[in-house]
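Order of writing sets the labels: A, B, C, D, E, F, G and H. Residues in every chain begin at 1.
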Amino acid sequence: MTKDELKHLLQQYKRGKISEQEIVHALSVPAYEKLDFATIDHHRQLRQGFPEVILCQGKTPQQTGEIAARIAKHKLPLLATRAAKEHFQSVKKKVPKARYHELARTITAFEPAKPNKKLGTILVITAGTADIPVAEEAAITASMFGNPVERLFDVGVAGIHRLLSQSRKLIEASVIIVVAGMEGALPSVVGGLVDVPVIAVPTSIGYGASFGGITALLAMLNSCASGITVVNIDNGFGAGFAASLMNKNT
Amino acid sequence: MTKDELKHLLQQYKRGKISEQEIVHALSVPAYEKLDFATIDHHRQLRQGFPEVILCQGKTPQQTGEIAARIAKHKLPLLATRAAKEHFQSVKKKVPKARYHELARTITAFEPAKPNKKLGTILVITAGTADIPVAEEAAITASMFGNPVERLFDVGVAGIHRLLSQSRKLIEASVIIVVAGMEGALPSVVGGLVDVPVIAVPTSIGYGASFGGITALLAMLNSCASGITVVNIDNGFGAGFAASLMNKNT
Amino acid sequence: MTKDELKHLLQQYKRGKISEQEIVHALSVPAYEKLDFATIDHHRQLRQGFPEVILCQGKTPQQTGEIAARIAKHKLPLLATRAAKEHFQSVKKKVPKARYHELARTITAFEPAKPNKKLGTILVITAGTADIPVAEEAAITASMFGNPVERLFDVGVAGIHRLLSQSRKLIEASVIIVVAGMEGALPSVVGGLVDVPVIAVPTSIGYGASFGGITALLAMLNSCASGITVVNIDNGFGAGFAASLMNKNT
Amino acid sequence: MTKDELKHLLQQYKRGKISEQEIVHALSVPAYEKLDFATIDHHRQLRQGFPEVILCQGKTPQQTGEIAARIAKHKLPLLATRAAKEHFQSVKKKVPKARYHELARTITAFEPAKPNKKLGTILVITAGTADIPVAEEAAITASMFGNPVERLFDVGVAGIHRLLSQSRKLIEASVIIVVAGMEGALPSVVGGLVDVPVIAVPTSIGYGASFGGITALLAMLNSCASGITVVNIDNGFGAGFAASLMNKNT
Amino acid sequence: MTKDELKHLLQQYKRGKISEQEIVHALSVPAYEKLDFATIDHHRQLRQGFPEVILCQGKTPQQTGEIAARIAKHKLPLLATRAAKEHFQSVKKKVPKARYHELARTITAFEPAKPNKKLGTILVITAGTADIPVAEEAAITASMFGNPVERLFDVGVAGIHRLLSQSRKLIEASVIIVVAGMEGALPSVVGGLVDVPVIAVPTSIGYGASFGGITALLAMLNSCASGITVVNIDNGFGAGFAASLMNKNT
Amino acid sequence: MTKDELKHLLQQYKRGKISEQEIVHALSVPAYEKLDFATIDHHRQLRQGFPEVILCQGKTPQQTGEIAARIAKHKLPLLATRAAKEHFQSVKKKVPKARYHELARTITAFEPAKPNKKLGTILVITAGTADIPVAEEAAITASMFGNPVERLFDVGVAGIHRLLSQSRKLIEASVIIVVAGMEGALPSVVGGLVDVPVIAVPTSIGYGASFGGITALLAMLNSCASGITVVNIDNGFGAGFAASLMNKNT
Amino acid sequence: MTKDELKHLLQQYKRGKISEQEIVHALSVPAYEKLDFATIDHHRQLRQGFPEVILCQGKTPQQTGEIAARIAKHKLPLLATRAAKEHFQSVKKKVPKARYHELARTITAFEPAKPNKKLGTILVITAGTADIPVAEEAAITASMFGNPVERLFDVGVAGIHRLLSQSRKLIEASVIIVVAGMEGALPSVVGGLVDVPVIAVPTSIGYGASFGGITALLAMLNSCASGITVVNIDNGFGAGFAASLMNKNT
Amino acid sequence: MTKDELKHLLQQYKRGKISEQEIVHALSVPAYEKLDFATIDHHRQLRQGFPEVILCQGKTPQQTGEIAARIAKHKLPLLATRAAKEHFQSVKKKVPKARYHELARTITAFEPAKPNKKLGTILVITAGTADIPVAEEAAITASMFGNPVERLFDVGVAGIHRLLSQSRKLIEASVIIVVAGMEGALPSVVGGLVDVPVIAVPTSIGYGASFGGITALLAMLNSCASGITVVNIDNGFGAGFAASLMNKNT
């Protein structure tokens, strides 16, 4: 249940539209549910606007399937990230509507029917082709919140005209997610061109002294452009989630 | 000139309220101004919503004073960060209205008369007393954009009831800036309680294996709570600026 | 032979309950036993209260089996950690009573029949589901010393109510082991709530800037809560052993 | 108020020894006290067994004096660490009983009259002469809890007979704190000789590849001896505090 | 003596223009000269095209003066870098023609009268004002080789139009030196715009996670633009020297 | 189209040798071409003297084949680096002329018929046998630009006479690429012997404290010899490309 | 040819025992031999007392076999380290006498018939069982020089009596090699007990914050005992070689 | 008392040259002496061949003076390293014969009258002038053991002929200490030229990516030349001590 739904419910009750019993039942979802290996946070949607998301990494397929089932029981939007095929197969058995996004290694179900037009557009940009999987994780996450999402891929700074020629897209976005590996310079250029929040996502793309994304991460943290904030290496999900919170304000 | 001012100007012109000459003059601020030691970006307000901010560190007091004078000439809001007293004295000579915020090591002038009530509140939280200078840099920056700002200091996780008892403040904020050194755990707890963007600012407070803020930075990047983005160590300005961009959407 | 057994033996001898020959025989276990590839420390139980524990990592299955046989010969509690299946198979041949705890990658034999009720409870907490294998290594180790052990899994700080609602368990424990990866914030919150020793165990769970557990390790070393001590990344065994020494004092 | 005091109070009330008004008054210390720059945690003694300790580093002398005054108002034991002379002077004005331990850079007041004989002895060992300031911080902290404390200084592993000849002291201790810089090897040797908790404290003593204590810290985390836990570099206070919690169980 | 001078000399001798004795004398500069504290390499100009350069850091003013005197004796171009005022004073006594470039902390003497017009232009660019001292060290070094040098300062990527509007300068240069701190992104953008060698110089300008220039260094090593090579942090001299070797080919 | 070709074309047009329509057609290659997963930079040859090079790492074989096809359509020299066999097979289908250099993991097509004799020689040196793959990547890249290339392998500093006996080769080169792992000392020795640009390429060859090439990289950045610039670890391509730009000046 | 053989030869010649032609022939081994992929240093035995040793890592089996054949042609002692089985098979074909030491991953041939009794004993000690492979590499290397070698395995500091009871072996050795992973404390204890050179070899044994041997390496470099020198992580060969040079002096 | 003196004494006693009382008195030096802040190891000379050396860093001048007095009481050679002037003044008062070596920051007293001619020569080499202080610490230490010492300064690899022209000195030495900062390449070149032990000493000389000597340290650990061992950054004392132990064997 989201905050908005809760407010609506309380108003309905006040106006006598629903009985006391009905509201008690609606509010009776326990704050969390305890399994042997997990303590599922059922109030997260109320507090954070979105139900608990499953990070599959480090969980067995069975555990993943079990948790997914508990979330899906309430027909809540289901999102699982860093999912291997084995995780998906286990989830699919419990949640038949689940779909697997192979490139983004993401499982979704009960996603919004279509983007909420009242929200601004979230633009997802990558520096290179190899950064696309992380960008897709971000884009799918943002879509789960109902945000309109645009993509602009492979426009890194070594050929800056590729980016500049798309400045219209930059200017029309409400929030911009910039995904880059190697030297991670793209967010600085983008950040200097716009007046909306820019979320920089370093990726582990590169070799040698890229150190699995540390170089890109450090570069982004030290950006000379203002208004840029950063998430963990390869954390497309985190960027998509934060962008959605920022976009809610529109 | 901000985007809004520009739009207004163009509409005035279209409606015949101002002459062609007037609009040409208004738009004649050059895109940048070249000094021997600096290339001042006069279009930044148009692109980013705020004029160029002076990072005093690494600049001589003279250079700082000179740049401040060029910005102040247009009566634009002036913000200079990491300013030593010597920087302030040099600026003061050129910009008599300039004020020095000692704790935050910040110079301001031509700040907004009062907060813009149409904007949501930006809440600035610190884990400890020693984190306050960075928090103040963030708060002053946010105020320069006209944002209403609230402060909540020294509510670190070792006494979690100090934070939880203030949950109303958390829930009422539009954007939250969390400033913490040492283990940098506070943003994770805050992030789990709210549905607005949380900007985490690691500080260099701590000793030994805190490594001048690296530990707090890493912890924040790895937060298990969703919706958190991070800025550089001790970068109160960056957090305040990004928070302002996020808050504009309200 | 433990210190208590030794004291008992000496008193028996003093009181004439056992002969000189008997005590000589009992004490005739050599201080160590030399194999080609190992020097087994047979006095460790006397000095440290527990016989030598086998760290399987880096040992061949044969070496492991051989060492286990020497320890088991004296019917001493046998504990082998970081054991692959191959290690277990080799041990099983020599020590038929050996059992394999797959999740915890641990081999045990001659464990205590049941917990010693005179000892306080050791509580093992995890931040996430993926931290459970390390927590189990700690729990099994503590059990080998005869400690009562309780588990509380997946109560990380992003949903702090899950932990707070279990505060009774926290308050009743004698020693608490907190196992967490990612930003490693949970020990700070727990440490602020209790007045018993808290042992923090960082895990290698996470990705990107979690650096295989370094972030969690650093966070725990910098905890703003007092009374927390730390062990190596993924060192569930070390935490269980230290907790047992701390609990002995009860 | 400690837990024991609270229990005693409640029993007194139950038995009619004290009036309702008296107990209400005794319990009326607020959970925390809010200053402009600090939120003092007045329930910490109840939760953790000791009032809030002041880490002076990063605080101004004034702030330190102010906080000390609030704690001392309740005649609670006062401990301030990493205190420069300026901090002491400011505290002295507000808390005339305060004493300064120059070597340990520590301020104390309202310390226990003498050690509690029912508690075991906490032994503080250093590898070298240069490690003594950190050791003293640990020893003073442990003394504040009423623990009997013994010292054994400059017995590093390069002359192992210096340590071995003192084995009686090692065996008689309840908890041992080992303070060492450089290669940090001493805790491993001590840890192999005893069956009580050993807390290892790395110091920043050394040069070149000692990296300000990182080498000692890493060595201690990787100790091949069991039962060792570690605190932050130079964190004598943390070791003394944790040792006190461990010793309480006796 | 440079290679060209040597070739000329040999041709003169072959043609009988100079006597055997003259050529012997000319060649009689020993390969090196041994002082107590230094072994001066007198053949370096022959091998490398420029006499030994004095790195003052770590040398006493006396040592510096002594070495400078030996080099200046042959009227060779004298260059000393990272020179404090004390170094200059000591050099000045021995080499009266020596000049001190305060911003660049560099001493020069016997520099070329004017740039060699047959050589292409070396362009030195900085991202910010604070990078200028390093850039000046590079520019002065390049000038010592007789190269025409141009400067373009404070054109960092946060206001990319400042750079793009100067594209003519970029295109006309033979070799480009790009000096930048913080995220070090500027060389990637420049590198993508030109077809001449680009030498990237990271500076220690920045704070927090800039780690004294490491971030800029790593970013430059990972540049997605081709044709960029990198020198040590703050090594303006190295960049100027290498640029001169590259420019010789014109 | 290269700059030279463009200049030629314009002159032809000016002289009436080609019609307006012809020049329009010739210039009608769009600046870039947008695929779903890539934005191919078709003006790179014009700006940088060489068409876009494909870094296969992180791209799927299909993506690689697709991009190669677009570049090859214009009969431009094709270079793809870090190519696995799967990448080659996919490229081969689209570009039948493509060849695979297994040791160097490189794909080429439309390479120059033979070296351009007007260019100086680029010499590629390795310290050891294991450094050859990286050296070959550099050599092949340099050859694609039409440079004459010489190789000198396994002449590391532990047997310095192997290098010194080849000093003629060193002296005759225009640009030298030195490839070395382990302690990376070879560039310093080479750099001290020549007056041409030396590009140092650290390799990931070594073990233990070589840290995958970091040691060699750091050593090269700190070289006491002047005129050395450095590229990323294992970046043979980057060295070959930069060497070509440097060599163009001849 | 060793230095001693060369001296002998020259004396023979001087005394007329061998003809000019014979000595010319004997000295006609070229300084090095050039293959396509290697430059074999045939004078290394003369300069360093032992022929070139083959580091197999990074070389193909063919290359290894080829190089081994060239060395073996002169019946010189052959040593190849970090050899996989494939390397051995390739060497075996060319050098039928070659033997493979699996644990030590080492190939030898033409080794000395028996230890040289005039040399002191080299003692190789390990802290644990898992350190044995590195210790064996050291022992085999030392044996190739004709040194008497003793082994003492698994005597780490957690059971210090295991080492102390073997003090006779320590005192009788000429040079001691101490091999240890984890916290690397053993060399410090050994170094404090003897007056002969101690070579410390860190190993990559350990987990978590052992960082693949970095912790042990750092600890050894910071040893508080005097007379200890260190080699690279897992570099048993280097330790054995250096020990042999040190032992030659006896 | 050294081992040789002890052996001599025992033989004298056996032959009746000295009385029982005399030998008892001679042996009556206690194993260690306990001060409040130090435990002086009086048997170190017997075990290690040299009395305890004082590392002044981290000790107060008083402590240093006190310890020096205890050592000097026995007329033993006194060596104190990393001594500031204040340390020397305090020592001078207690040990009037003490001398201060300012460059090497070392205090000595009761040094050997002259070098022991039966020992081989220890050669100390530096790469640069700035490395001399560390080299002097090594040379003085070696002299305290009675070793003949030679110096060869400023012969770094950028002018390799400076070293090669001194090859006679290299070949005549028994042990070589090579002191170098920056890229630390010199030991590799020296190590490849000689057949005696080479001790590499990294120094903190350099800037930027030299990281206070880490780069030189890593380079030395990864040397491709065999027979090199390494000590801590700037550890001239350690090198001199180890060289003396190695030289004893001659």
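The rule is simple: a contact is a pair of C-beta atoms (placed from the backbone, for glycine too) under 8 Å apart; a residue touches a chain by one contact, two chains touch by 3 or more.
Everything numeric here is computed off the predicted structure, so don't read it as measured data.
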| item | value |
| --- | --- |
| Both-way neighbours, i.e. chains that touch chain H and touch chain E | F |
| Most remote chain, CA-based centroid, reference being chain G | B |
| Chain whose average C-alpha position is farthest from chain A's own | H |
| Euclidean distance of C-alpha centroids - chain A vs chain F, Å | 39 |
| Intercentroid distance (Cα basis), chain E paired with chain A, Å | 49 |
| Distance from the mean Cα position of chain F to that of chain E, given in whole angstrom | 26 |
| Residues of chain D touching at least two other chains | 128, 158-159, 192-193, 208-210, 214, 217, 221-222, 226, 232-233 |
| Pairwise chain contacts under the document criterion | A-B, A-C, A-E, A-F, B-C, B-D, B-E, C-D, C-G, D-G, D-H, E-F, E-H, F-G, F-H, G-H |
| Interfacial residue positions of chain H with respect to chain F in the complex | 127-128, 156-160, 164, 182-185, 188-189, 191-193, 206, 208-211, 214-216, 218-226 |
| Contact set on chain G toward chain F in their complex | 31-32, 36-39, 41, 43-44, 52, 55, 57-59, 63, 67, 82, 202, 204, 212-214, 217, 232-235 |
| Footprint of chain H on chain D - complex, ascending | 128-132, 153-155, 158-159, 161-162, 165, 181, 205, 207-210 |
| In the complex with chain E, residue positions of chain F that touch it | 3, 47-50, 53, 120, 174, 192-197, 199, 217, 221-222, 226-233, 237-239, 241-242, 245-250 |
